[in-house]
Each structure stands twice: as C-alpha cells, then as structure tokens.
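Next, two complexes with subunit A in common: one pairs it with subunit B, the other with subunit C.
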Partner chain A sequence: MNKSSRKAILAAMPFLVVTIALEALVRAGWIKAFLVPPPSGIFITIVRDWRELFEALAMTSEGAVLGFVLSTLAGIAIAVFLSSSRAIQEAFYPYAVFFQTVPIIAIAPLLVIWFGYGMRTVVASAFIVSIFPVIANTLSGILSTDPALCDLFRLYGASRSVTLWKLRFPAALPQILTGLRVAGGLAVIGAIVGEFIGGQGLGSVIDIARTQQRTDKVFAAVLLASVLGLALFGAINVVSRVVLRRWHVSEQA
Partner chain B sequence: MASRIIETVSLARRSFLKIIPVAGMLAACGTAKKIRLALNWKPDPEFGGFYAADYAKHGLDVELLPGGAGTPTVQMIGAGSAEFGIVSADEILLARDQGNDVVALFAAFQNNPQGIMVHASRKLESIGDVLKSGTLAIQSGLPYARLLRKQFGFDHVKVVPSPGGDLTAFLNDENFAQQCFVTAEPLLARRRGVDVKVFPVSDIGYNPYTTVLATSGDLLRRNPDMARNMVTAVREGWRSYLDNPAPTNQRMHALNPTMDAASFAEIAEAQKPLVEANVLGAMTKERWNTLAAQLRDLGDIKQAAPAEQYFRSL
Partner chain C sequence: MIESPAGADRGVALRLKNVRRTFGDLVVIDDLTLDVVASEFLAILGPSGCGKSTLLRVVARLNEPDGGTLNITPADSKFQTAYVFQDAHLLPWLTVRENVALPLELTGADRTEHHARVSRVLSEVGLTEAETRYPSQLSGGMRMRASLARALVTEPRLLLLDEPFGALDEITRFRLDVRLRELWIERGMTVIFVTHSITEAAFLANRAVVLTRRGCHIRLDRRLALPQVRDNELRLSRQLADEMHALLGAMEEEG
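What follows is the complex of A and B.
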C-alpha cells in the first residue's frame, strides 16, 4: 500500500464510522429522523435533487472562490502596506480587526442595498468574512523574518523593496498559506450567509429546506458546502506544496 | 439509549412527586421541573395572551422561552426540549408528514396575519398586481409563496429573500414589496413616512391558523390534564390581554426593549380582529381539511390525514 492511499483511507475512516453509527442510531429509533436525518436519506436526497443541489453548489463555489481570491489579494496588499512602518501599523491595524468582528447578519440589509441581490452581495459577504486571517497571518509572517537575515540584506545595501520581495515576503509564505487555509473555510461560510440574504446557491436551498422542515435537504446542502470547503483547502495545500517544497520544513519529510 | 434512561428516571420522579403532596410535604413541589413553552420570536404582542396567562392559578409552573428567526419550535416539541411551543398550522402539517407527532391545541390567531406590503404610490389593486413588476421579498420556502407562484407565476417579479422585519430595502425602493405581519411592519413603515398598502395572504384563500399553541402527541397521552390546564390558562390569558393589554405590554417591553412601548400598544390594538372569536383559540375540522388539501396539492405533504390528527379541542 502506498503512502497516499493509506492517507486517504485514514481520512475516510472517521467519516465512515460516524455515518454508519448515525444510520444505525436513527434506524434503531434512538435518534428521531426529523431531528437528524439518516445518512441514507441524505444520500437519496442528493441523488434525487442533484440538479438543483449541484447548480446551487456551482453558484456558491463561484461566490466563495471570488470572495476568497479578493481577500487573498486585498489581504496580502493590506498586510504589506501595514508592515511598511510601525506608525502605519499602529494607525490602521485596529481597523482591520473590524472585519473580523463585523456581524455579517446585522449589516446584511445594507450589503443588499450597496451591492444588490445576487452574486455581488455573496462575494462581498465572503470577502468580509475571510479577509482578516489573511491580513493577520501575512503581517505576522512579514514581521517575524529572521533578524540575522535582515541584517545580512542591510549589510549588502539591499533596498527596502528588495528586502520585502526577496526576503520578507518569501519568508512569510508559510504563514500566509496558513492564513489562506483559514480564509478558505470562512469564505464558504461567508458566501452561504450572503446567499441567505442575497438569494441564491446553497444558502437559498438551506433557507427554503429549513422552512419546509426538510432536514434531509438541509444536511445534503451542508454536506456539499463542506465538500466545497475541502476542495478549497486541498487547492491551497497543492499551492503550498509547490511553493514551499524546496525549502520549508512543513512540506518536507 | 440515553434518552430512554432519562425517560425512566423522569417518569419515576413524576410519580414520586404525586405522592409527596399526599404526604403533606408540599414544599418539595418547588423542585418540580418547569413546563417550557417555546416561542418562535421575541416577546411581542403576538404572544400577549401567553404572557398574560396566570399559569399558577391552574397549577402550572410555566417558563416562556423567547426565540429568534428560525427557532425550530416544532422540532423542539418533537424532541422533548419544550413541552409546548408556538407554531403555525402549516408547520404542524409538515411536521406530522415527517413523522413528528405534534398536535395543535389553541389557535391564538384565527386569521393569518401574514400579508404583502407595497408602497401605496404604486396604486396596486390586488396581490396579482404585486407579482406583475418590481421586487418581492418573501420566504420562498413558505407554502403561500409557492401558492402565489402557482396562481400568478413569478416571471415578472424579482423574488428575493425576506429581510425579516427589516425595512431598509423597502423604504429605499418604491417598487419593493415585502412579506409582513399585517399588524406590524406596515405600522413601522407609516411611522417612517411611507404610505403603504397591505394585501393579506388570506386574499388568495390561504388562511392557516397561526401563533398556535401545540404539544406532542406523547404529552397528550401521558398528561392530558396538563394540556387541558394549559389551554384553559392560555384562553383566559388571551381574554385578559384583549380586554386590557397595557400591563402585559409593559412586562413584555421590559423583556424586549428593542420594540418601543407605543408599538406594543398599537400592534396589540391592530391584531384584535385577528384573534377575537366566540371561543378564543377554537379550531374547526373544515379549516384544517382545507389547509391539508392545499399543502397536498402543492406537494408539500404526501397525504392529507384526517383533521382530528392535527388538532385537539380541550
């Protein structure tokens, strides 16, 4: 057995155990089906409503990925800006925290008025929810560059921008990628919350199914949302492997 | 397994409590578990009668649990995390169709307070007109939304999710229509200087009982007296709230200060015609049958059960 198939089996084990246990508990009547639907029921719903669910998944994916890409670009840019001087950092960093604490549901009606119903509200919601970890991790990565290496660059007369792009930024990559892993999952949540108010995708499916007391469909949509989260996570891991493989311990071994 | 063990324990405790008063140890009654009544929104005039009720007079120690958007009261009743809950008639039909044994006891709102609110300046004449242009904010999952779609089609109106009670989008856009409680949002919109027109959903023949006190079939079998006392207390509560809402409004306002005192008074007045009846809270088989047939035709429930399964007159 090679290493990657062993890893896949290990990762699938908890899922299988929980699924089988849940199915057994519901069938035995210890958990009521209208509270937690049996996994088989969720699976049947996915198969039966696949068209509706996958169209919704496609829309949610678009919103989440766009929001994620925006927060990656803006988050890194903001962190680089913040790292440029201690004064700038002290002046603006507290405001970045705003993004982490904004209760998205509370400003939802405003998002709709600013961006209209539909995709733009969804992207905005995914962006707001996911940008903070990118800023925080990038900034902390840039600021924790090995001082000895900074001295070396100074000794050779490297300019500030050369130091940033050749030293600080590459050195921060592992932390930036950690920030992106967190942001990926948050972007999915942000997109779905945006869809509750913006009206499309999995958020809309969940909202409607909940009103209709269709817990099986709610869980089906949640399952697809987590597949989307996993896909984003996997994509970031691939990027991480490619950029870090040659020099960072976290991707070696 | 765990739930069965708890079940046995609480049954044992219940029979134990029956013996104690006989033994003259009345003090021990203080340890009795409170009866939980789960609300699906924050304390507001919609629940006035439930807050006005004197439960203690009927030997009940009731705790009202305020809810929020999407509080699943019907599932809470089924799961036993609340003995009683406030639901709407359509929720009962959906729940029973899913195997959740929930039964209606008392319909506070005899007529559906749900409606669609539009700017009066649009000069619309009927619900059908609302669906001819502009935007409609509505909970698409609700049966009446699909009934509207079936009757009029959604081809000419942009349907968006309901913003709850929030009026920002409505006030901002003249061609924005939104689902509302006929007793609440229109009042707030008028106060903000917008002249509104309201079309009750019952106009299209959809008139489920709402703000319905419900319990589980299990509790009805095990403790019919508790259910009966509860209904009596609630009926008296609503009578007193209809006659004199002020003291209860004051108490609810203290619990929910976000809603101002004037709104409490105005809404309590506006909802009176929807609540008032010969026998408060009473329900008829015909109404339940009509609703069940409507939901069956919409495909929301697999089959319409006999009306007696949906409600109980106590």
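What follows is the complex of A and C.
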C-alpha cells in the first residue's frame, strides 16, 4: 500500500466509525430521528433533492471562491502596503485586527442593505471573514525575511521593489499559503452566512429546511458545504505543492 | 609589500580612521584606526561579541560609523565589495546556478556574460556538477562553496568574510581554507576574514589583528611569516605553531 492511499484510509476511518455509530444509535431509538437524522436518511435526501442541492452548492461555491480570490488579492496587496514602513504598519494594522473581530453575523444585514439580495452580498461576506488571515500571514512572512539576505540585496544596490519581488515575496510564500488555507475554509463560512440573510445557495437551503423541521436536509446541505471547504483546501494544497515542492521543508517527503 | 602575485591593482586599500560605532548606549567600536593595503589578506581575531562583525559591516557600508572615516581607494566604485556570512544564506527557491548569478542580476551586469561568468566561478569552487540542485539538496560544505561563488561572481576587489566556515566539519573547513587562499592568490583581491579560530587566522592570512573584548581596540597587529602557498603540510609545521603561539598570547590576555 502506498503512502497516500494509507493516509486516505486513515482519514476516512473516523468518518466511517461515526457514521455507522450514528446510524445504529438512531435506529435503536437512542437518538430521535427528527433531531439527528440517520446517515442513511441524509444520503437519501442528497440523492432525492440532488438537483436543488447541487444548484445551491454551485451558487455557494461561486460566492465562496469569488470572495476567497478577492481576499487573496486584496489581502496580499494590503500586507505589502503595510510592510512598506513601520509607521504605516503601526497606523493601519490595528484596524485590520479590528476588522477581524467584527462578527460577520451582526453586519450581514448591513451588507444586504448595501449590496442588495444576491451574489454581491454573499461575496462581500466571504471576503470580509477571509481576508484577515491572508493579511496577517503575508505580513508576517514578508517581515520575517532573513535579515542577512536583505543585507545582501542592499549590498548589491537592489531597490525596494526588486527586494520585495525577488526576495521578500518568495520568502513569504510558505506563510502566505498557510494563510490561504485558513482563508479558504473561512470563505465558505462567510458565503453561507451571507446566504442566510441575503442569498440563495446552501445557506438559504439550510435556513428554509430549518423552518420546515427538515433536519435531514439541513445535514445534507451542511455536508455539501464541508465538501466545498475540503475541495478549496485541497486545491490550495495542490498549488502549495507545485510552488514549494523543490525548496520548502513543508512540502518535502 | 605586495604579496599577491595577481597584482595589487585588483585589490583596494582601506583606511579606517578613528571609527566609532555604537548601538544605543553600547559602544561596540570605540576608536579604531586601521590601514589595510591593497591585496592584503587580513584576519581579524577577537573574543566572541567583541564587535568583529560590526567592524566588517561598517567596512561593507551596511552600518554607517557614528564617528571617524572610512576611505577605500581606488575610490569607492559601486559593487566592488562582496560579503560572505556565517551561514551560507542562499535563496532556497533558486538553484545553485541561479543563486550564484543573483549578484549579477541585481547589479545589472551585462546579461550576455552571465552564463560564462557563473560557469567559471562554479568550476572554481568545484560546484559545476551541482549547479541545477537546490540548496536543500546540498551538504553544508557545498552550500558554503555556493555562497563563496556568489560572492566571487562579481569579481569583487574587496572580499569580506564573517566566520564563514565556522559551522563546517574540520576536513571540509581545511579544504575550503586551502581553496580560499588559492583564490586569493589567483585573483589578488583584498580579503578581510573575521574569525575566532586562531588556527584558521594563522593558516590563511598574511596579517592578523587581534581585537580587545571591549571597544574593538587593537591588541596585536602582526605580520605572519609564512610561505605564500599554504597547504595541509603547513598545518603541522613549527612555523605555523609559532605564529599561533603569538596570536594565542594576545587572545589570552583578553581572557
């Protein structure tokens, strides 16, 4: 058995154990089916309502991915700006932290007022919750560049932009990618929160199913949302492997 | 006295006059006056934390002196100084060849010459075979060779080394010592080599300066009476032992 299939099997084990245990507990009547539906029931719901769920998943994916891409671009740009001087950092970084502490669920209604019902609110919500880890990790990566290498660039008369582009940015890549992994998961959460209030997609499916006491459908939608989060995480891992493979310990066997 | 056969015109002469450098309240270099003639191989010895590295950084103009003057002749042309750090400090995402070519790229040297110049310097340090490898795939000794090649690629007239071989095993270190000395003879640049190893200082240099623990004063300034070409035979010789004895005496006084 090769290493990756071994890893996949190990990771699938807890899922299988919990699924089987849950099924048994619900069937034995220890857990009420209207509180926690049996896994088989969730599976049937996914198959039966596939069309509706799939469309919702596509919408949520679009919102989460757009929000994620925006926060990646803006987050890196903001971090580069913050890194340009100590004064700028001290002036603006506290606001970035403050931005992170604002509970998204509290400002989501505001987003609807600003952006209306639909995709724009969802993207804004995904963007707001996922940008901070990108800023924080990129900034820390840029600032923790090996001082000896910065001296080397200075010795050869490299300009700030050359030093940023050829040294600081590539040196920060491992940390930037760590930030993106966190941001990917948060973007899915942000998109679903946005959809609760102002959109369609899985968030709206969950909201409607909740009012109808359809816990099976809530679970089905939650499961699909997790799959989306995992897919984003996996995509970032692939990028990370391609980019860092040859030089960074985190991607070496 | 010109000791380097390649000719003194390749190296620069240095004159530090009453140089002072502080960090906050800490006086690292108090009042240092030091002349280095063109194409000299100077070793700077001193206890840990005495300010040897700071001195080297001042010479490289990475730190400005707070007082006194530093003159380099012929006049400070750009990019004539190269610096080798305590560790190799290569860019991990570049191959050996790309790392060595970096100074040429940064200084905007003629692109058509890059390839030949990098190839030449790689063969000089014995890394031709490894040029497509990444730093993480190299041994410590090979990394240091790459670092040395990167410093030499611009054909500097002043080469500054800050305890460059300190982290290497002894045999690798001996080999690199011999190679560095040969490169100095071939190229005739001025070399300042900072170390806390008495053996290394005596083996490599034509002149050794021992600094005091506090303030970077000169405790001993000694011309080493050793042959031009140095090899491992010399390591066990009486001559080297005598020179080391003199340096050791000055170091001991510093405690």
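Just so it is clear, the second predicted complex is superposed on the first by the 253 of 253 C-alpha atoms of A that agree within 3 Å, B and C clash if a C-alpha of one lies under 4 Å from a C-alpha of the other, contacts with A are read in each partner's own complex, and residues count from 1 in each chain.
Following the convention adopted for this analysis, a residue touches a chain if its C-beta (ideal position, glycine included) is under 8 Å from a C-beta of that chain, and two chains touch if they have at least 3 such contacts.
Since the structure is predicted, the reported quantities are computational estimates derived from the model, not experimental observations.
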_According to the stated criteria, A:149 is in contact with first (subunit B), second (subunit C), both, or neither; which is it?_
second
*First, second, both or neither for A:113, with subunit B first and subunit C second*: first
_Under the stated touch criterion, which partner chain does A:35 make contact with: subunit B (first), subunit C (second), both, or neither?_
first
*Kindly classify A:208 by the partners it touches after superposition: subunit B alone (first), subunit C alone (second), both, or neither?*
first
*With the two complexes superposed on chain A, say which partner A:68 touches: subunit B (first), subunit C (second), both, or neither.*
neither
*State whether A:197 touches subunit B only (first), subunit C only (second), both chains, or neither.*
first
*Sort out for me which residues of subunit B touch subunit A in the complex.*
1, 3-4, 70, 72, 74-75, 78-79, 91, 94-95, 98-100, 135, 139-142, 158-161, 163, 166, 168-169, 172, 300
*Quick one: which bits of subunit C touch subunit A in the complex? Just the residue numbers, please.*
57, 60, 62, 78-79, 81-83, 85, 87, 89, 91-93, 102-103, 106-107, 134-136, 154
_Could you list, by residue number, the parts of subunit A that touch subunit B in their complex?_
30, 32-35, 108-110, 112-113, 117, 196-199, 204, 207-213, 215
*Contact set on subunit A toward subunit C in their complex*: 146, 148-149, 151-158, 162, 166-167, 170-171, 173, 246-249, 252
